[in-house]
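A, B, C and D label the chains in the order they appear, each numbered from 1.
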Amino acid sequence: MTNTQITLIQIDNYGPWTVTPEPRREVDLQTLQSRLYADLSQLFGAQNGYVFFSRFDNMIAITNGIDLETHELVQESIGNRYPVTVSLSVASNPAPIQALEFATNQLQAEGSAQDQRRQEIVEGDPLEESVRRHDDVQLAHFDINDVTSKYTDKLNEFETFINVEQSYAELMQYACTEYESLTFFVGGDNFIAICPSLKATEYRDIITHVREVVGTELKVGVGRAATACQAGIDAKHALEECRETGAAVQFHS
Amino acid sequence: MTNTQITLIQIDNYGPWTVTPEPRREVDLQTLQSRLYADLSQLFGAQNGYVFFSRFDNMIAITNGIDLETHELVQESIGNRYPVTVSLSVASNPAPIQALEFATNQLQAEGSAQDQRRQEIVEGDPLEESVRRHDDVQLAHFDINDVTSKYTDKLNEFETFINVEQSYAELMQYACTEYESLTFFVGGDNFIAICPSLKATEYRDIITHVREVVGTELKVGVGRAATACQAGIDAKHALEECRETGAAVQFHS
Amino acid sequence: MTNTQITLIQIDNYGPWTVTPEPRREVDLQTLQSRLYADLSQLFGAQNGYVFFSRFDNMIAITNGIDLETHELVQESIGNRYPVTVSLSVASNPAPIQALEFATNQLQAEGSAQDQRRQEIVEGDPLEESVRRHDDVQLAHFDINDVTSKYTDKLNEFETFINVEQSYAELMQYACTEYESLTFFVGGDNFIAICPSLKATEYRDIITHVREVVGTELKVGVGRAATACQAGIDAKHALEECRETGAAVQFHS
Amino acid sequence: MTNTQITLIQIDNYGPWTVTPEPRREVDLQTLQSRLYADLSQLFGAQNGYVFFSRFDNMIAITNGIDLETHELVQESIGNRYPVTVSLSVASNPAPIQALEFATNQLQAEGSAQDQRRQEIVEGDPLEESVRRHDDVQLAHFDINDVTSKYTDKLNEFETFINVEQSYAELMQYACTEYESLTFFVGGDNFIAICPSLKATEYRDIITHVREVVGTELKVGVGRAATACQAGIDAKHALEECRETGAAVQFHS
């Protein structure tokens, strides 16, 4: 059984800030958002966590092994360097979507995302060291077969992008509804899913579903470890094995 | 008639680099990609351009008013500061998707995105100053009505994200197929479309389509100017008017 | 005759901010300061300007060719992305130190650097295009002869650093007092001086003075152009010539 | 007795890189250097270390509590995100200058800073956990009395800067020669010294020396802890006490 610790990261009162006193330049907002994401990636990454940008104003992190004090330091560091602040809500569950559900509920209970007084919340109970296990986190790294030769080098870039996006839209929804997994686009033709302890047949089902609905051919490498960083790098190595052997699904051994 | 100048930005031989000699840490790739995007946003933004992250390894920019020499400087600056290099291909057309089609073709003609010898290409013919007009660029800034109260504060964050992504997947495809427009997710519940000179009825059709297929209610502010930055800020002001008046479509006046 | 346009950049009310409500983590302050400097370098650099970090809370820029509107955009962009704001004061003079003197006076007249109400000032009169000339900016790029073999590879790093710092302390003071120049350490063993139209004998005098007082041997390449970027790259090429020919002073031709 | 663990960080073969195939734009080098420093600050800071920029191509860090594996991760992360690589050499000693001396020797023994084949060295023996103590690191945070009213708001910015630099040049040299301390300018009017276990009389002597030679009045707060971050924040609190009480030297209690 997996036990994923999820942290929901929400920029406090961000929507109103972006248009007060007048709409701010998009170029600066894009820079702010992507750098904030990069910094959070590094801050949680230094403790073996992963952050996904998702909507940028709300980001989702895997934080197994990261305690509340470290969350507070991350929050303080962002507050020291950005014109905006962030709230953090932590929860754990064998099913990643349930962990996120709890984390979201906790934060919503403190007030609206656009409540001016709800600032720099830190909430939730990270996993005690005593209950953590070597295989709490299962990550699946998907990519699209032959994306360069079939898409990037052949179609116009927006057509390629549409293909990637349609694949993602289907994959993220199906893996969530059917398998309680959280899947994120991470650039290029890559998607990373936070999963409960799914088996090869279940990954095959996901791949089949995406092929049938969208027409793109995915493959997937799967890693499992105590932290996101380790599970993630194992998943990448497994994906490299897929590339070599032609397998559609490969667990890291 | 609009005349959008599009620049396709492609990281040279990026896929192989990310796994050579072994898969690189995802945390670092995410940081690299998002900072590269932030820097390109600032570099083109300093000349009134816009960059969209799209797939991160391939980015799409609006570059009306930016000449080839400036493109070369941007390319040199990235090469001086990153472990990867970028190729740039420029083309213009009244229909944004056509401009991107030409830009993509030009770059593909130079070799594969994963051709080790195809590096730091700069190609294409930016618009001569003499043919540029005050209304070459039309941008439409969409958002989802009441996203905070209906979604963010109510659903779990992944459900909200699924709604945003499904809306985006539908919007990007429909606006491209029907209206030759290029639409990008820019965070939160915001989408920016690069359009030919569409009219209010056409934006209403897009909004209706997304509501019927996905169920989300969009509104849109539209700006038109000589450069992306000006058209974009005008679109934002028009969107603020929508918020005040309840209009679904508003052109900046 | 040169005509250097200098911009003094001052973080508004920075000292108090760093200790309110309690001293902020040094690691974050260092990150904030060095990234703010990097961003200002890029923002002014995109318009062919140069920024020197000097004290970090007060930075000095060469801004020939950059108008007040662009200064305001830079200021806005920083305000959009940082928890602090900056004030900017512009002045020009054949003698760089005089330009800075005027710029400083203008800003001081608006209130103290720690006056909470003195925020986001933009002041001064950039050079009209009509009075700008192709040789307004003279930059001298100094380095220490054989620094790697004589110092870096031989002494401990702090001894090397002491040598570099003592050289800098002497160089900055002498070049300012005797020649109205502003000299900045730019890393390694490199110093860049903003000069009036000094001649080779005057550079030789500076080099001799530093050798006699501190014992380090400098050489210098000199460039002159309409903007800092061009004068600076010319100075670097001239310095490369020094390396090849053994000359102590070389003007770019 | 203190026991400072110092890491020397050296950019590999940096000088030649900056001029190959031709001198690179100064604006990009400044951006590269200051961001590399910011990232190293965050990477070591996440493990309670401190980094000082010193010459930028050679940086000096306090790394008590940071093991070799973490050093390797930092090195890998920089290599993944920058066009340059870094070498790291670690050593410990009660006297900070001795620790740096050993660290420098170790690295020099591997080859020249400009040896193309000497890349990504990691060397030395971090302190075993068993020998670490709660008071291994002593940091002294100096600033100049009334710098805003006496200098920033009164003199031109370069005169102020000259005063700060002369103070620093004297302080760094005297504290090193007399007290085996390593002192760094950290912006504004702030200097941080890594010290052995100096007493109040010794700090008074340093302050007196700088006043007599340069004329500036310093005060100092001193902290002592197991890591740089804790010692540093304690030193800042002690400095705040100086501000309140008018004391010239204050140890954190």
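In the analysis below, a residue touches a chain if its C-beta (ideal position, glycine included) is under 8 Å from a C-beta of that chain, and two chains touch if they have at least 3 such contacts.
Because the structure is predicted, anything quoted here is derived from the model rather than measured.
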(request) Would you indicate which option in A-B, A-D or A-C repeats the interface seen between B-C, with over half of the contact pairs matching by residue number? (result) A-D
(request) State the pair with the higher C-beta contact count; candidates are C-D and B-D. (result) C-D
(message) Taking the mean of the CA coordinates per chain, how far is chain C from chain D in Å?
(response) 22
(request) Starting from the mean Cα coordinates of chain A and chain D, work out the distance between those two points in Å. (result) 36
(request) For chain B and chain D, let me know how many angstrom lie between their CA-based centres, rounded off. (result) 43
(message) Where in chain D do residues touch at least two different other chains?
(response) 25, 27-29, 31, 35, 42, 77
(request) In the complex, go through chain C and note every residue touching chain A. (result) 24-25, 27-29, 31-32, 35, 76-77, 79-83
(request) Would you mind writing out the residues of chain C in touch with chain D in their complex? (result) 8, 10, 14-15, 19, 22-23, 25-31, 33-35, 37-38, 41-42, 45, 50-51, 53-58, 60, 97, 100-101, 103-105, 108, 112-114, 148-149, 152-158, 160-162, 164-166, 168-169, 172-173, 176, 182, 186-189, 192, 229, 232-233, 236-237, 239-240
(message) For the complex, give me every residue of chain D touching chain A.
(response) 39, 42-43, 46-47, 77
